[in-house]
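In what follows, chain A forms one complex with chain B and a second complex with chain C.
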Partner chain A sequence: MESSWKLTDTQLRKWLSGLLDGNSVVAPVEEDGVLLFRPIASEDQAVVKPSGKTRWSPKEFLFPRSEALYRYNFKGGTVQLEDPPVPEEHQVLFGVRSCDASGLVRLDEIFLSGTKDRLYAARRENTTVVSAACAAADVECFCTAVGYSPVGEEGSDVQLVPLGEDWMLRVLTDKGRDLVSDAGDGWTAATAKDGKRIAELEKSVAGQIERSPVNREWSQVLEEGFEHGAWDRLAQHCLGCSVCAYVCPSCSCFDMNHEANAWCGEQCRSWDACTFPLFTHHASGHNPRETKQERYRQRVLHKFAFREEDEDPFRCVGCGRCVSLCPAGLDIVNTVSAAVEAIREEGADAAR
Partner chain B sequence: MTEANVTAAKSEAGAVPENWKPHIVALVCNWCSYAGADMAGTTRREYPANVRMMRFPCTGRMSPLMILRAFEQGADGVLVSGCHPGDCHYVQGNLVARRRFTIFRSLMDFIGVDLKRLHFAWVSAAEGHKWAKVVSEVTTSVQEAGPLPSFEHPEGWGGIDLPEMTGSGPQELDEQRLDAIRANLRKAASEVLTTERAGVVIGYGSGSLPDQTHPVLITKTAECEKLEWGQGCRNNLGAYVGSALEKHERVAVVAKTCDLGAISGLIREGQLRRDQLLVIGVQCPGVRDGSGLATKCLSCSGDPHPICDLVVTVEGVQESCEDPSAAALDTPDARDEQIAYLESLPHEERWQYWQRQFGRCLRCYACRAACPLCYCSTCITDKHRPQWVPTSIDHPGNSTWNIIRAVHLAGRCTGCDECARVCPADIRLDLINRKLSLEVERQYGKIGLDPEEKSALVDFRMEDSEEFIL
Partner chain C sequence: MPLAEAVPNPYQPSLVRIHDFLDETPDVRTLRLQFVDDNEAGGFAGWEPGQFGQFTVFGAGESVFALANAPWRPNGDRASAPTIECTFRMVGKVTSALRAMSKGQVIGFRGPYGNHFPVDDWKGKDLVFIGGGIGMAALRSAMLDVINRKSEFGDVVILNGARSVGDMVYTDEMPGWQEVDGVEVVRTVDPGGETEGWDGEVGLLPNVFEGLGLDPDGRIVIACGPPIMLHYLFLSLGKVGYSPDQVVTTLENKMKCGIGHCGRCYVGPFSVCRDGPVVTWAELNELPKDY
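== the complex of A and B ==
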């Protein structure tokens, strides 16, 4: 276990303080009572606790809410085009929960498979993720029900595991090693007993999550019952906002928008969501997903169905934010199980 | 966005550069002020050249969005000018505009825009001299105010602590009494469906998290057992009435006292007819927001209001037949002290206070979705030709969105606080709404519950106050 250490909270803060030198460090910060990821200027701003989530995921530091893809200027009767500079500063995402770290990997699958997205790839290349395993589940958490873990390593370069007052720091990748290379002086190596704590945490947090698991075979049932009448009933109280998509660690949809005045302008990529009617609205006026029920179904299926291979993970990482923040109290896991039950009972073609 | 030419004057350090001259956008009416400016020219009047004019048919055409757009694009000041009251070429355009500007101006002040930047004037076609004088005064005033503060996150700003909100809240209802209410509500709903007084009952069903409910649309008497009642019943179900009416001729809706204003507003604004609606008012224990009672509940009695058709209490279900015109909303509000405190701060600090919150806005439009009175089929922010509200999710567009949402609800919002409740970024939209309600009430009288009443901002009086107009 040469790559894991046991750190006191003071040692952890000191290490964090060292990271501020040469990196942009993004960590949970409390702002007007809301816990959010923000770039920090000093280590004492960071709120790193054994459990508890930020209001939304840190995805905006890889996939910004809005970013310019190109800019232009009218000068001297000509148009001057300009590529926004590729982000070069190295950033550390600190204190990311396991679910959110997995969410970033789901984003990678969208932006880095096939044609790589230039800006996303540059940011990803320059980002190191320091995750924090959970010692307790929030009421809305359900990671273990969708195949993820409160101590999951996916997407983490360095993992912090809460050991009561102390933390175990585990280096998981080469990128992670670079972050601790010259900080390890005076740290105590973690013992085998500390290592066992990970499994204990996983068991105890899983015990707090009361939801029954989402079965992987349901994906196919959901796809077969695409036209089933249950969807209409299950989502009739959806209000059609996009809280669920914007707080989601793995939602990756965007729109192109143009901001301009008489002298200059820019083409931007901004977050968008399948729950909005405009998302699929064609220029002709036709909308292939005309009702909010169809739109909500799209979101649910994109998380739990439409998988290329059976072994692919669900795109829902189980953070539960969409459940606790939905203005209309929609619950994605309950929707899935209710839809599956209805499709199985009434047959995939039961009318609306 | 990229640097607009008009903002080029600002130095990076924040200090006002020497020889700095303000950029001012003037929105003028075609008939009076534009001709007045022309008159100033032909009579060789001299005045500062900092003003860029935009010509509109009438002040009545000028939306606050146009003023916001100017600030967003880097203008340091805006002047709005049109015909004197009584001179409008469209008879009443400027009179309606006067109310709109009065309310908008108070909101701009509240969010921290120095009012030295925002001016209104009546200048007739004959008043070339007045135009020159107004432009000189406005230029001096904007020069004093300095460059417009940036739309950005106030880095390193410590924040402010607003006074605690207190209030006794509604009468406490123990579990036994809540059970009684629940049973009565289910009985009432089931009767409504059996007697076909409505085709659907919109109520609350139990949610998946502790203390959470979700709206349910019940069409079968057997399902009435699903109806919940308690401190988790947060939604204003008025938001579902419109879509329910697409499928049913008559809709019954379960309502708390705080929901009724919006329901009444929907009738007042012609979105539904009173006879399409059966309002089931239920005695309310207050709703929970986090660990305590929601702010709106602190000064509410929880008693069902006279505009309901059916009233459900611990005792039973009664038909109500009181006169809605006498009904008014409760005045005292726990927020008023916070608003007064914010108003006592310098405008720079208010700007930082709101910029930090607007910066968090994700533009998820949950505020719009949850609001029963945001019923436009296409919201102004979804209109892209022309695009009035920038779609990019950052400070300028977020500020415009949050301001214009509130302006569009001024004189209509009745404080159900749904927008603030559903905001994932905890933006204090309730403070903004309440501030506007207070201003509308101060200027034009109370927003009542009477569906027959006209909304303040689509109405006017010749004698409306205009002390701020040059």
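== the complex of A and C ==
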């Protein structure tokens, strides 16, 4: 069912321009020197071939930083409840890196499993992801070290592959087909030779990532060494600011609070992080994760351990934002390998 | 049908009215709640002991409480609507606001959530319920379920501990439990918490439990209380010869969403609101010490 075309840069921009008709298109945009995902009004706002990745992942377009879950009015001694309208406009997330597209699938695993989240489900249903395979690795990238790929297809409905000056456009899902019903003017069918260039691209970008891989069996080691003293040292510099969780494409923890006055109110959801002390603080005063060591360990292990099945992917997709933006210079891959090394050398029970 | 229309809002609560309440202690209250909308009452097809709900004070927020009354079972010849009872301590913003509410006022309820006590697996067995302080609230539904059909179970001991006599909950109903054949209620307060005329035990729960000298053979222990109490109770249980699969407890982590999404109640891979809150001591031993 896959159909692939070859497009010039101009043809791609023309297609992007066409997408603006009937869709809200969210694409990388440069704002004050920072690359961010923003809804665009015309295709020339989009940075189609950026030299780095966006500072934030596109997750907020499915899981907003803050939103009302329901609203209420106080009326005549009782309360009237009101569901917020579900978003109905179709949105296209354009130019999403492979790592970020996988991040969205990690979010799906939370919000669409078991009891589904109504607002997330509605946005997901109305969202088509046009990913862009990476032409080069950024300095912070480590997707290949954690089992992902710079040309990964996971989470993509349409994938754009940079081929020098040109692009290959691959339709990967039915949703993608809805977006690319027909070839545009001047598009040519991609050849088998073009297809081979995907593997070449993967090899070349992977070659730029100088990180040693995180092995799958390390999950077990990390779990066994849960109480190992190394965590004191590894978390020493963590400031608890949680920027790592906020910029992470797969972090999905949230808080829920009521905002209200005498007449009306709403239950609000906003992003939260396991690295904050109040996250697990009981009303009684008890806190299972009282120290930053325990909180930092939770974040690392939730990404790299506690997987249901061995073949399940790591919840870290390797975008590297937490590494490049950590004010204390913490590096999650180095942390994992240092923890595993300490646990193996000193034994899982080495005292704190 | 588009997915969005098919997915109901998991966060919008049902409205329930405060029908009645009882002040158990100066800071603990038990509420009896009834659904405002009879249709919603009908849709709330009972629950199992051990499950919990999210209770909303509109304008203040939500709190998690155990469903504390005997499970309501839809029954053709029973016209009454289901009632929800919960017992809470006034400790924070939401519970203080809830405590300030009066009969007839409306709050929100969503649930039931979580797994439950395997009460039916206990048939024919001797049971010990051990509740420390407000931990009794999480046990009450199971205790009442067992007492209501006592003939299906063996001997039942209810061991209730509190910091002081004034902190003891369910004192009004305990004499009634004691009257049931084969049910013994033992009450204890921490040393220093006794008052003149106190006729119960004085001592920490684990010590009083050991002093009862109950034979562990074939007995199930259902324990709920603060983490420090459970820590010492498990030491006692091990010492007396109970195996970890004979002991059932509940994990009481901070919860917000109730449906396994918000991420705060994880103990390793275990989401307390979705996979718990009921766990055996054996299961607890498999989890990281993160509760």
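What we mean here is this: the second predicted complex is superposed on the first by the 340 of 352 C-alpha atoms of A that agree within 3 Å, B and C clash if a C-alpha of one lies under 4 Å from a C-alpha of the other, contacts with A are read in each partner's own complex, and residues count from 1 in each chain.
In this section, contacts are C-beta pairs under 8 Å (C-beta built on N, C-alpha and C of every residue); 3 or more make two chains touch, one makes a residue touch a chain.
The shown structure was predicted, so the numbers you read here are calculated from the model rather than taken from an experiment.
Once both complexes are superposed on chain A, the partners chain B and chain C fit side by side without clashing. Once the two complexes are overlaid on the shared chain, A:Ser270 sits against chain B while remaining clear of chain C.
Of the two partner chains, both chain B and chain C are touched by A:Asn257.
Residue contacts after overlaying the shared chain place A:Glu223 against chain C, while chain B stays out of touching range.
In the superposition on chain A, contact is made by A:Glu294 with chain C only, not with chain B. Of the two partner chains, chain B is the only one that A:Tyr246 touches; chain C does not reach it. In the superposition on chain A, A:Thr280 makes contact with chain C only, not with chain B.
The gap separating chain B from chain C at its narrowest, counted between C-alpha atoms of the superposed chains, is 6 angstrom. Residues 255, 257-258, 260-261, 265 of chain A are contacted both by chain B in one complex and by chain C in the other. Residues of chain B that touch chain A in their complex: 1-5, 73, 156, 159, 207-210, 212-217, 235, 239-240, 356-357, 360, 362-366, 368-370, 382, 387, 390-394, 418, 421-422, 424-426. Across the interface of their complex, chain C is touched by residues 69-70, 72, 74, 77-79, 81, 83, 86, 88, 110-111, 113-118, 121-122, 124-126, 223, 226-227, 252-258, 260-261, 265, 267, 272, 274, 279-284, 286, 288-289, 294, 298, 301-302, 305-308 of chain A. Interface residues of chain A facing chain B in the complex, by the touch rule stated above, are 31-34, 36, 41, 55-56, 65-66, 68, 71, 73, 139-140, 236-237, 239-243, 245-247, 255, 257-261, 263-266, 268, 270-271, 273, 276, 278, 323-325, 327-331, 333-334. On the chain C side of its complex with chain A, the touching residues are 2-5, 7-13, 15, 36, 56, 58-63, 91-92, 95, 104-106, 108, 226-227, 252-254, 256-257, 259-269, 274, 288-291.
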